[in-house]
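Once you scroll down, you'll see the structures, which are given as structure tokens.
In the two complexes below, subunit A is the common chain; its partner is subunit B in one and subunit C in the other.
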Partner chain A sequence: MKKKIGVYICHCGGNISDYVDVEKVRQAVENEGGVFLSKTTMFACADSNQKDMVSDIKEKQLDGVVVASCSPKLHLLTFRGVAERAGLNKYNYVHANIREQVSWAHSDNKTGATEKAIHIVKAAIAKVRNAESLEPVKVQSTKAVAVVGAGVAGMRAAIELAEAGAEVFLIEREFFVGGRVSQWDDLCITDETGKELITRLYDRVMQHKHVTLFTGAEIVENKGSVGNFEIKVKVTPRHFKLQCSGGELQKAIDVCPVEVPDEFNFNITKRKAIYHNYPSEYPQLPAIDMKTCTRCGKCEAVCNAVDFSQKTEYLNIKVGSILLATGFDPYEPPKGEFGYGEIDNVITLPQFKRVIHYNDKRLIWQGKEVKNIAYIYCVGSRQLNGDNKYCSRYCCTSTIHTAITAKNKYKGIHNFHFNRGIRTYGKAEVRYDESSRLGDVYLQSFEYDPPVVEARDGQTFVKIKDVLTANKELEVAADLVVLVTGMVPRKDNSIAGLLKVPKGRDKFFNEIHMKLRPVETVIDGVTIAGASQGPKNIMESMNSALSAATKSFSLIDSGELALEPTVAVVNKEACEWCGKCDEACPYSAFEKVEKDGKMIAKVIPSVCKGCGMCLPVCPSNALELIGLSDHDVESMIDVLIEKDTV
Partner chain B sequence: MAGGKVNNSPKILVFSTEKISDPAIDMAGLLKLHYPPTVYTIPVPCSSAIKPRWIMHALEQGFDGVFIAADGTDCPYGESCTTKTGEIVRETMEQLKEKGMDPARLKMAAICSVCSEPFVKHVKSFAEYLGKEKEVNAVE
Partner chain C sequence: MQQENRKLNFDVLVVGGGIAGGESALNLANLGYKVLLVEKELSIGGKMILLSKVFPTLDCAACITTPKVSEIARHPNITIFTGAEAKNITKKGEHQFEAVVLKKPRYVVVEDCTGCQLCEEACPVSVTDEYQYGLAGRKAAFIPFSIASPRAAAIDIENCILCGACERACPTNCIDFTQTEEEVLVKIKSVVVATGFNLFDPLKIPRYNYGKAKNIITSMQMERQLAPTRPYNTILRPGDGKMPDNIAYVLCTGSRDKSIGNPICSQICCMYSIKQAQLLMGALPMADVTIYYLHIRAFGKGFNEFYAQAQDMGVEFVKGKVGKITEKENGNLMLRYEDIEAGVVKEAEHDMVVLSVGVLPNMEISESFKTEKLALDPFNFVNQSDVLASPAKTSIEGVFVAGTASGPMDIPDSILSGGAASAETTSYLRRASL
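Here is the complex of A and B:
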């Protein structure tokens, strides 16, 4: 129990004292148990007051401090710092919010506001009376980072981390690097191809001696926590020896009797069980897809490099941080959405890009030349009824860029954009301008009145009530309908479950704070980058990759980490292991241990996030959160309910 | 009920959450959205951390109502939060019924980090309900 508590009540200029009688508050709390000193101050956060506080704490040997001022989101850390500078453990500081939640909220009722402030300051005193000095949980950290996903974001982050001095393990689930960007040709606005970007990044990754790239690899187990993740990586063999001559390889591909839809081309073409996605792809070594290979042996007979003796390997790796850059999937419309899967000239934007890639002089789809192209925007994004409420950000720009590409590449193309408002934000706006000048037609509707696609008389029509021409009903006979599909989270996002990374309402990985902590997750040491977090274009992915790399590096650089000590604690006497806390904990922070002849729960402090989800589920009330014990909460309640004094 | 002054606003204890609903309540102040000054807040890390005994303690010691400003689906600690907070409310309401207390003295709503207006609406209508109950009880 503390006997020398210092209480400081802030005027905040007049922000507080115009509505709360701060002197009255001071008088009301000066005789509370344990209060040794009470002052009002014009600006508690001002340098001069901070200095006064430091000397008060030092000279008067204060053992607890309360500042009643603005929201703790603004100045909790400031005053914890004051305590520390004065040699007082910072957990002996308690903050009382009498601005946002008192003077401003109740500027219409000065008596009420003063009364509330008194109660809140008394509650803070009750809490600080019981406060204990705490030391941060210190853990050693390994100076290595696992980067999951070798697309543009993952590779860029890996290069940055390696250059800063970390050991990097770049783990890619596919047999080839590059992710989605390797599937695109010309990019907006630079007209570089996706493949060129990938080549540049891959070359730097391979040159760097501190980056180890695994392909066909995924994390299958994870133990430990920030500073010391112990991951198990499963590496699937590609069944090819390192040396492989091009001629023999082509023979091996030719003789392979297995044909499966080629996902690299969004299933508009087929590939063999032996494959590479394009001739110069990285690593420049083909792979055999063992899920579809029949082991007929024909490839082995014509190509020496085929090696079926290669085995799946498991590697145990220790890293201090994990950076997730696992990317996105394009939205796959269900059968019948705008005729998809039912009318054979309705395809998606990613498919259309591959169609352009494969058609040189003339644009041919299903044997027919294409002249009129209808693009239907916001398919799978900004849904009125579905779950995807978000805008996918890249699609307006990408569609207009692709439409221009088609117009420049082939003769006689007419583009019709059935949109819901165009968002070619930032530098991409010039493409919208260009497409308008080239004569592209824009038709617009609202989400509740979308265009309709129908097949009749051997033709496909897209019909719209165009809001830009006073709801006139307009119809286009389209040779090809392109559904502008948005981004959705990866279908297989099992890594999130393994690392316990939370997902947001949109089912993408969730950051701690959208604006202030945009690349960290509540799992200490796990950062997120690129489109795994939500729709992003390449520029935005690079930005987030670099900031995630910096954040991951800052965690491991010093070799030692200090974690918040406000974790759950188990009352050893009361606990009779039942496992309910373990079930409730989202982070597996509980261990079952033997203590004095019985099994009890033990909290692993470096894993516990201090969320408190375990507290209410314990049948013997054996769990408390440091700083939020029953005593803390109930003594605050007792004070808050006291009769008014004003 | 203590006091007996009919024109006294009911006392409400709000359990807010440090990362989600407390910022919304802060912002209500910033926007000068007024609500009764007899509404007090205790922030917790996550609404799934609230022990039923704390709620019972508040109601038995004299708070007229307890409002849980829950994280809902925005909880940074994971998707299970909504179900878990719901379970806490259900269990506490059982306890209230057993003790012959009005379970409607406990209320929960998801308050997102920018849900200042919904917060004020909720506590105002809750205070109104509790005020009427108080009046009825005072007459009885």
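Here is the complex of A and C:
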């Protein structure tokens, strides 16, 4: 039982004290059992107050500390740090939240808010009275990182991690690296092509002896946790031996009777079941798509490199951290959205980029030369009725860039941009300016009044009530309609479920804190990079990849991790393994073990997050949370249900 | 002036103690590198620590910045010089840089100052408070702001009358008028430039009458009025102390405007204006808020949803460029603007106008590099020499850029950019040790 507790009540510069009478709170708790000193402070988190707390703890030999301030999410670690610096075990610190739970929630009732604050602070005092010193759980960490996805973000992160000194396993689901960027020609900002950028990154990846690249590979199982993830990687064979001459390969492709839409070209062309995305795709070895291969054997007959005996392999790899850079899918409009799938000259922006790639002198679509191009923006983004409320960020700039490219490459192109307000943020603004000077026409509507695409008399028309000309109805006869499709999360994002990484409202992977911790997730040791976290352009993806690499690396660099000791423990006598705790646990922290002739549950401390989900489901009450025992909680409840004291 | 010369060794010099420089410094320090963080102002925390709340989470900026700031301030591997500038940075070879850091005297021994503010009370000199962006006054002996780090007094020697009142009032005798400017020679292996941005000065657009019409303020001034450490504890128009009930925002003030030499979009003004509008709806429930805009650039994670939320709350959005602002006798403002949707020029009256000022480059740092030139881009931000593959790289090998020093960006982008700079610095330093 503590006898010298220090209580600090924070004004939060008015955030609390505008609604809670902090002095009254102080007076109400100063005579609580064990309270030795009580103070109010303008900003408890400010350095000066922290200094005061350290000297209080040292000089007055406090044995327990309570700070009543904001959410523990913000400052629990700050004040635990104060305790530590003063030589007090940090688990003798208890945080009381009187801002989010009191002043902000009850700004309409100052007396009630003060009353509630008093109860919350008293409960914290009751808890700290029973607090015990605890030591962190130490785990060794493996100095290796699994990077999932070998697009620009994944490759860049892999290079940086390897340079910093980690062993890197780069795991790509496709048979070829480069992700989305390999599908683009000229990139925005620089004049480099996507292929050139991918080549640069791939060369560095392959040169680095500490990066192991797996293609056709995905993580199918995960055990363990931060410092020691034990992952199982499934590697699908490409059914090609390393040595393969160009001539033979071409013959093999020629004889293959299977034709399927080529996803690399967003289905505007067809490919065979034996394929490579383009002649210098990396790795420079074709693959056989076994989902569509009929095993007719014709390729084998003409090409010695074909090898159907290759088997799917499973590899067990141990890593300290996992970095997810799984990218995005372009939004696929449903049939009929702006005529997509119904009118044959309506295509998407990614398709249009591939069309430009394949047309050298003249822009031809479906056998006809294209002169007038209508771009319809925000398709699949900023939806009024659909789920995608967000802006896809890259598309305005990308469309304008593509429109300029088309205009420069072909003669007589007229670009008409049917937009919802151009968002060429930052330096991209100069592209918008450039396209306007080149004579591109901009027509605008809002979300609730989008343009309409119509086919009549063998022509396609795009009609709009144009905001920029005082809502005049304008119509353009377009040879080609390009739907500017936004970014959506990957269709198959099962890796998130496997690692228990949460997704946001927009279904992209969710970070811990949108502002200050954009690459870390609530799953310790799992970081997120690039467009898997939300729409980004290449530069932004690179920044996030490098940031995630730093965060992942700093977890594994020292070789040892100190984890929270506030985990669940099993009472061996009381437990009669029923498995309910295992079912309730969101982190798979339970093991079934034999102890003294019976099966019982065992908690893996490095996996347990101390969330407490297992406690209420245990029928024999055999579970307890360290640092938050039943006794602790009951003593807090006793105080909370006391009659009002003001 | 007497000069004292000291020599110090670090792994990395981080120039700028805002959120981007802080993120870089922390990442590097956590990996065991010794970092010197040089900050021109009297406190670290940059512009973010002075903000009200942040979009789109509406977290209180002070509340999420201070933990970061104290972590930086207390990190055993980080040394901080505030009120200091890296003046002369020369590259001697790969992984060998030297810098001359000019430490201006604070006239207060920071270690001894308890932040009791007795000197402030005693000081007879009142001047305009730059940390409240001119909205309030401060003394010549002053604590920069209540959540400053370090939270220690400083003497503004330009305005000090040397009366000695502060010295007499100070209980710990920490005021020391004998302090002099100090030049410290620093040897480092790498440099991170995180010198941030400047806000556009609306005096450069005379037709807006900022500085003459009393009830026109900048967005940063509104930011201060909305912050927890606000000067008035409510929203007031500076002209007469009246609570405004019809506030206008003029977007793109100093951005996307070739006539003042800044053709690019500042990337943050739309969102901070929408955020302020939402906060004003809370602080002044009866007030009308109108935002005059060209395009709303709500592009980041959760931004468009935040924009929609503002529309639902009743914030008025008018698509149109404001041409001219004039003051009426009662202090109200007349805005002449093009209403693009209606296709006509209109006038509207508001009782307070907020100019959403844009982001301009802070070019000073390029002058600090003496042997090799730190190249700037066409807009005078630090040039990113390999912007797609290595966004933190600059024209000088071993010098990396973080945050808004390389262009306009919001807080998460600054954090990511700060992280990228620390990652590249790490591998650069590692090459030195191999």
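Here is the rule we use: the second predicted complex is superposed on the first by the 486 of 646 C-alpha atoms of A that agree within 3 Å, B and C clash if a C-alpha of one lies under 4 Å from a C-alpha of the other, contacts with A are read in each partner's own complex, and residues count from 1 in each chain.
In this section, contacts are C-beta pairs under 8 Å (C-beta built on N, C-alpha and C of every residue); 3 or more make two chains touch, one makes a residue touch a chain.
Source: prediction; values computed, not measured.
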On the superposed three-chain arrangement, identify whether subunit B or subunit C touches more subunit A residues. C
Return first, second, both or neither, reflecting whether A:45 touches subunit B, subunit C, both chains, or no partner chain. second
Contacts of A:190 with subunit B and subunit C, given as first, second, both or neither: second
Where does A:551 make contact in the superposed view: on subunit B (first), on subunit C (second), on both, or on neither? second
Give one of first, second, both or neither to describe whether A:423 is in contact with subunit B, with subunit C, with both, or with none. second
A:106 in the overlay: touching subunit B, subunit C, both, or neither? Say first, second, both or neither. first
Which partner chains sit in contact with A:612 here, subunit B, subunit C, both or neither? Use first/second/both/neither. first
Residue by residue on subunit A, keep only those touching subunit B in one complex and subunit C in the other, then list them. 504-505, 513
Tell me, which parts of subunit B touch subunit A in their complex? 3, 9, 11, 13, 19, 22-23, 25-30, 32-38, 40-42, 44-46, 48-54, 57-58, 61-63, 73-81, 84, 88, 91
Footprint of subunit C on subunit A - complex, ascending: 12-15, 42-43, 45-48, 50, 70, 74-75, 77-78, 81, 85, 152, 156, 160, 163-165, 187, 189-190, 192, 197, 200-201, 381-382, 389-391, 393, 421-430, 433, 467-471, 504-506, 508, 513-519, 533-535, 538-540, 542-551, 553-554, 557
Please name which positions on subunit A make contact with subunit B in the complex. 71, 73, 97, 99-109, 112-113, 115-116, 119-120, 123, 500, 502-505, 510, 512-513, 522, 584, 586, 609-613, 615-617, 621, 625, 628, 630, 633-634, 636-638, 640-641, 643
What residues on subunit C touch subunit A, complex-wise? 19, 27, 30-32, 54, 56-57, 59-60, 62-64, 66-70, 73-74, 114-115, 146-147, 149-151, 228-230, 233, 256, 263-267, 295-305, 308, 319, 340-344, 377, 379, 384, 387-392, 407-409, 411-413, 415-420, 422-424, 426-427, 430-431
